[in-house]
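I am attaching a structure below and will ask some questions about it afterwards.
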Amino acid sequence: MMEIGLNHYLVLSTILFAIGLIGVMRRKNLLLLFFATEILLNSVNIAFAAISHYYGDLTGQLFVFFVIAIAASEVAVGLGLLIVWHKRHGNIDLDHMSTMRG
Amino acid sequence: MEIYLYIALFSPLVGSLFAGLFGASPRTKIAGIVPSLLLFTSFLSSTVLLVYILGGGEKVHVEMMTWMAAGDLYIPFGFVVDQVSVTMMMVVTLVSTIVHIYSIGYMDHDKGFNRFFSYLSAFVFSMMILVMSDNFAGLFIGWEGVGLCSWLLIGFWYHKESATWAANEAFIMNRIADLGMLIGIFLVYWSTGTLQYEQAFAAMSGLDKEVLTWIGIFLFIGAMGKSAQFPLHTWLADAMEGPTPVSALIHAATMVTAGVYLVVRANPLYDLIPHVGLFIASLGAFVALFAASMALVNRDMKRIIAYSTLSQLGYMFVAAGLGAYWVALFHLMAHAFFKALLFLGAGNVMHAMHNELDPFKMGGLRKVMKGTFIMMTLASVALAGIYPFAGFFSKDLILEVAFVEQHYIIYSVLLFTAGLTAFYSFRLVALIFHGEERYKIFGIHPHEAYKFMLVAMSPLLLLAIIAGSFKMTYFEMVTAMLPATEYHLHSVVTYWIMTIGTQLFVILAIAFAYKKYANNKVKVPDGTSKIENNLCYKVLSNQYYIPYIYEEYLVKPYRELSSVFWKEVDMKVVDATVDGIAGIIYSSGEKTRVMQSGNLSTMLKWMVTGVIILLSLAVVFGLTARYSGEIKAILSGLGV
Amino acid sequence: MIDHILSILIFFPALAAMLGFIIHKDSIRAYGVAIATIEFALSLWLWFLFDSNVSGMQFMEQLPLVPSFGINYILGVDGISLFIVILASFFTMIGLASLTDTKNIKNMIITLLFLQMTMVGVFVALDAIVFYVFWELSLVPMLYIIGAWGGPLRIYASVKFFLYTFTGSLVMLVGMLFMAYYYYQATGTWSFAILEWYRLILPEAFQLWLFVAFFIGFAIKVPMFPFHTWLPYAHGQAPTIGSVILAAILLKMGTYAFIRFSLPMFPDASVFFMFPIAILAIIMIIYTAMVAYAQEDIKQVVAYSSVSHMGVIILGTFALNVEGITGSIFLMIAHGVVSGALFLLVGVIYDRRHTKMMSEFGGLAHVMPRYATIFGLMLMASVGMPLTINFVGEFLSLLGFYKQSHILTILAGTAIIVGAIYMLTAYKKMFFGNVTNEENRNLPDVSKRELLALIPLAIITVWLGIYPKPILVPINNSVASIVQLMHDKSTTEEAKKRIPNLVKGEDVKTLEKEAH
Amino acid sequence: MIEPVNVSLGSLNLITLAPMLIPIIGALLILVIDIFKGGLDKTLFVVISLLFLLMDFSALIDSAGIFSQGGTVMGVFNVMLIDGLAILSQFIIVVASMLFIPLALTHKRFHEFSYPEFFALFLFMIAGFQFMVATDNLILVFVGLETSSLALYTLVAMHNRDKSFEAAVKYFTMGALAAGFYSFGAMVFYALTGSVEINQIATVLAANKYADIAYVLIGVVFMLASFGFKLSLVPFHTWAPDVYEGASASMAGFMSIVPKIAAFVVAMRLFEFLIHSGVVWLEIVLYIFVVVTMTAANIWALVQTDVKRMLAYSSVSHAGFVMAAILIGTTQSNSALFLYWILFSFTNLGSFSMLWISRQKHLPEHQRSDHTYDKFAGMVQTSPVAASIMGLFMLSLAGIPPFALFWGKLYLISSAVTAGYTILAFIMVLNSAISGYYYLKLIVYMFMKEPLMGNDGHVYVSNATTALKSIIGFAAIGTIFAFIALNPLLEFITAFIYNSGY
């Protein structure tokens, strides 16, 4: 049985982060894009928690709490914007969102 | 005596300014009379100075004020009246007084009358500065001043394209020579530390031969321009576009002799560099022959006289180049008298003939223009150097000089030229005054000039006849300054053989000219006769194609090159580079602004791309740091 | 008041310009002329108070601005700058006096007064940053003048003028900052004072690149080949007054700066770059003269002729001896007067015909004899006729450089030939011949107002040509001190040899003076 | 039993928290007032905000006094850090905000100002920025960053136009990604050192001699990306032009100043120790960033047709310019950064305010965006004073002496020269030269072109009130007479920077 160590967590975190990044790049739907950013933040949370445990230091977990809080408020703001946008335009597609350019 | 110096110098200026006041007003006689009177005053003052100098007086030297002073350079407005300059002053003031008076009549009907006198007096003023200055810079002021006035006067009839063209040509060609002069002056300054004649010449004896040679060459280049020596000679013939009194004064008597004056003035320098002197003499001899040959076939009365002037200038340079400065100066003086006379006579003829210049279209004018006929004939005799006219004394002397100095080639060239001179002079006289009255075909009714014009010319006539008799007085005076070399042939026999031989040769030439042209068979050439299609004739009448060559190979390329410089180089290379750089910056903005597509997805991709680039840079850097040793080894293995 | 005369000279026009905003536009011209006249009188007073025998700076003013960074408001004049200041105020005055009616005349006059402030400021500033401030600031009014009152390509021309000069001077700024830093290293305090910088002896390597940095700024301003292409556009498009001031004063900033900065600060580099710069100058002289010859627009002829003449000024400057530098400074003034006058003259005909193409004219001498006369005089001055103002400068400049190189001087001397070629050709095209264009038949000759500007210039042209001494003496004294400074500061053998030592010569000269 | 935690209030040093607490209290107060009585006029909230900002300002002066006597102060469990950087940047933040708030007093009615929440959010945002700069704890930085950013997104969106929403969404999404980068970067540092305090991180890294340089670099990369977003370094700048265009001009002006100085301070704290410890990679990368940002933003600004968008790119370029100060990392350059930013604030505030007062509610047909160049054509003929002032700001931005920004550039370039970055100095000046073009373009339009048909000049001041005019006047005077205040300012800044050990 393999011992699950810090490195595994970190790798997991990195993989999740990469997934988040890819999602950020690929998604054309605003809502899914927000999901991708949540994945990003949460991947970091995993790593923080693991490292915090590794060092036996609470700072990391403190960070995690703050990240969670911030992610929550971000979602609030983001969804608010999304709703307004949807009300006005009837879609949440990124490709329709390019009146300003150049 | 200083007061006379100032009067002599500044009266022409006052006259010029006075006439200038009337510049814009309609023609008024007073604008001609006052400058003439002032010039006469100047002449009188010069005479006083001459008498004073002749009486063994010290030379008069004044320093009016500082002109330029910078660093070690100190240039005053200084003027000196010595034996050399007083000679020139006499020539200048005398001839110009006469020309002024003559012009009152000649320019009678011209609406630029007032302007003309203003220019003419200004010219005299510049010429006086030129001859009286005690330093090279002052000389240069006069030098350029006469050039300016010459430009104004040649282009006096500025509505004529040919006149303005000739004026510009004269100015520019003189400028080329002036550059040489200027460089000569610089060289004088940096090698002697001063531009005052006295100190500079005194310092020259201690200078390196090479430096002196260069000074001599550059100063002579200046002289070549003003005195229209080959290859800068073309302007003189074209300058005949100016009113005839101008040609008499500027392009015969005074300005063109400035070059000779310069060489004479710089005699201490040229004494030190005889090889340059020899070059000057050779060039002079060449020009004498060259110009005379062109005069042989020319069909423009004034141009013929102009070429003769050129030819005579050649004589003067021979004398000056061979060290016979006083002879050069003497010939200069004598030449001024008879040549001015010749020109003024030509002016009368022109007036009579309504500005017709082709002697072939005249003929038989002696009946209507007796006075002019006599004067021009005598002037031509003097020019040809027949005893006892002025030309004999001065010109034969030059031949003697060449002979005594054992430059036999020069001597023979000059001798031959003397014959040519006689021929073309009398060809002109014959064509104008003798033979059939060809002008009648053209419906012209010639008339003699005003009396007072002829009277005004008479002093010149007198001098053209008797100037030779002043030879010894002159010699005594001027040799106080110039090397007093007397040129005596070793044996009296040789002397007589030479003199008589020369005279005979000249007379023969005259006779030949008369025979050929003073008859009724002379026709107005129409380009069909055999002689006109002769190669020689063509070459000569086209002035050896030199003006053509200049036009084709200098002027045109210059114009085209200028155009290329502007349109191709300046606009398409220099400016386009600047605009191109700006354009590249701007267009790169235009091209890359698509990066800002406005699409959020793209923007996010850019951010991630940024991170990836940074990460890969980090990896590269990390690897480089890690394997720096190996990389170095590989690189050194590759010979980097 | 005497203690602050320079500040007054700088800020009086600016203050007046501010007040000008409240003046009604019908009386603004009178106001402008009055202000400019007072300014000119002040500058003459400055000359009156100026002690010609002192070679150093006079009327120094000093006020700390940013002492912690070594920036101080330092002013002073010496013989080199005095006359350019007077010239600046003079040209503003006659420019305003002869100003023709244009749109927005109020803006124009206010702008000109601001421009005057910057012009005076540049020439009296003795702190590099203060200098730089005025140097850059002068671009702005000029930009406006060209851009708002110019010809069809005015915007292109003005922006090009601005950006080109701006770029160059920014490079110069880096040089200045490095200079200050070097001073800081040497002394432990920051300073931008030019006179302090004079005391530094820099290693040659530093001198070389600093020289280049400064050179780029100055060369574009002058403008030297190949940085000159903004000038024809600027001149071609600018209104008359703009061209006049540009040619008469603004271009002189570059050459002045060479003498104020490059020479005394980098003597070794000056010697090192002497020949390359001289070659550039010669290219300027000959090449631009030829380009001028090819022009079809009379204003462009004058514009390119400016470049050509600036070449002689540069050459004189890099003669690195008293004769040459004195000559080049004198030529700056001379060229200011003459080219200013020529641009005014072109303006005269432009006002009448609204064209500057020479082919449109011909035979003007018949119609406008006075105009032709004054033009002729200025033309002769421009080609360097002795007894006109230009000759003194050209003669001394070339004379000076002859000491350094014979061949190059001969090449540069062709200025007097090529200059004559294009000028005479242009004159011939415009004034000689018969009146071919009917529109020219009834042109009025120069008016009183135009004469008001032209006559003083004509008088100066002749007067200073005959009697340049009152100007030459102060210039000479100041230049002598700079040359001596350069000699003392130079480190290389070559430089010591090229830059004359005047101390030995001093005794000889006094002896000579006694002898006279 | 759990021991009661005894923490004396004195050791908490709550005074360090005072400047942040004041705006928060103000924000809460506004919300409370609104709860009790809705529909109050915006002037009330403007005044309240101003008052609280003033109090904030005096609290800052207090801290400045403490700092200048006793040096750096830590407080609240060593989380708060009051050093020169913190104080200077807070000064800039608070003063700029005070100048910004009155811009709400427009002549026309705009949607956002009718909500009291606008002002509350604004004050929260200020507090967030203050937190960001007044700590070296990465957590608190993160909290401050996000507080202010989230408030900012909302403020942008409140302008209530299509473009504003689009801008807010873009800004928000990219901001979220940047937050992800930030937290990842912080995680890496935490993993390496076990600490989230910059001081600690520096100490630990130095102690093991940067053994894990590769991991450090990864952390740095993510931090760079995060701050690159905030500072709009190319290629993380793409939000800037769109957001500036979408936001109201006043908000855009605000964004070009305040958020960036906060980010600069954090970047300075984080990157300079790395550079100084010899992370050459960072130096190279920053060099590239500086050059690319300056140049690319400049050439994009060249081709803009809208003034506000041009100013957006110009702000990006200026940010790149100032980033050079962090790269150089000497006391002089850090002082130059602050000096530059103070002077830049005046000028940029002025120019955006000029745009703000010319804001129309409805665009005419031929006008494609709010502030096209065409709109300003011939401005000098109809409203010469406004045109002159706008021209002044443009000249200042272009770095024409003696206007404000010139001195900033001067000092910054001097610091580059002094530190041996001569090539960089040349690149900087060449970029200044390029930037001259687009600033000049506006001047050309205003002064040298003929006005468009039917433009009576009213449009340029259509939105002006006394308050707005005073702000602009203030900015203009500051721009012109900057050189008078320069010396005290420079001495003050240098002393603070030097005493903070930067």
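Labels A, B, C and D are assigned to the chains in the order they are written; within every chain, residues are numbered from 1.
To be clear about the criterion, a residue touches a chain if its C-beta (ideal position, glycine included) is under 8 Å from a C-beta of that chain, and two chains touch if they have at least 3 such contacts.
As the structure is a prediction and not an experimental result, all values here were calculated from the model.
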| item | value |
| --- | --- |
| Chain whose averaged C-alpha position falls nearest the assembly-wide average | C |
| Chain pair with more C-beta contacts, B-D versus B-C | B-C |
| Centroid spacing, where centroids are CA-atom means, of subunit B and subunit C in whole angstrom | 35 |
| Chain centre separation (subunit B, subunit D; CA means) in Å | 76 |
| Gap in Å, rounded to a whole number, between the CA centres of subunit C and subunit A | 66 |
| Approximate Å spacing (C-alpha centroids) for the pair subunit A, subunit B | 94 |
| Residues of subunit A whose C-beta touches two or more other chains | 24, 33, 97, 99-102 |
| Of all residues in subunit B, the ones touching two or more other chains | 582, 593, 596, 598, 600, 604, 608, 611 |
| Where subunit C touches two or more other chains, by residue | 163 |
| Chain-chain contacts as defined at top | A-B, A-D, B-C, B-D, C-D |
| Interface residues, subunit A side, partner subunit B - complex | 21, 24-25, 27-28, 33, 94-95, 97-102 |
| Touch list for subunit C against partner subunit B, complex | 160, 163-164, 225-226, 228-230, 287, 290-291, 293-295, 321-323, 326-327, 363, 365-366, 369-370, 373, 380, 383, 385-387, 391-392, 395-396, 398-400, 402-403, 406, 409-410, 413-414, 416-417, 420-421, 424-425, 428, 431-434, 466-469, 472-473, 475-476, 479-480, 505, 509, 512 |
| Touching residues on subunit D, where the partner in the complex is subunit B | 169-170, 173-174, 177-178, 181, 213-214, 217-218, 220-222, 224-225, 228-229, 235-236, 238-239, 241-242, 280-281, 284-285, 296, 299-303, 434, 437 |
| Contact footprint of subunit A on subunit B as seen in their complex | 593-594, 596-601, 604-605, 608, 611 |
| In the complex, subunit A residues that touch subunit D | 10, 13, 17, 20, 24, 30, 33-34, 37, 40-41, 43-44, 47-48, 51, 55, 57, 59-60, 62-63, 66-67, 70, 73-74, 77-78, 80-82, 84-85, 88, 97, 99-102 |
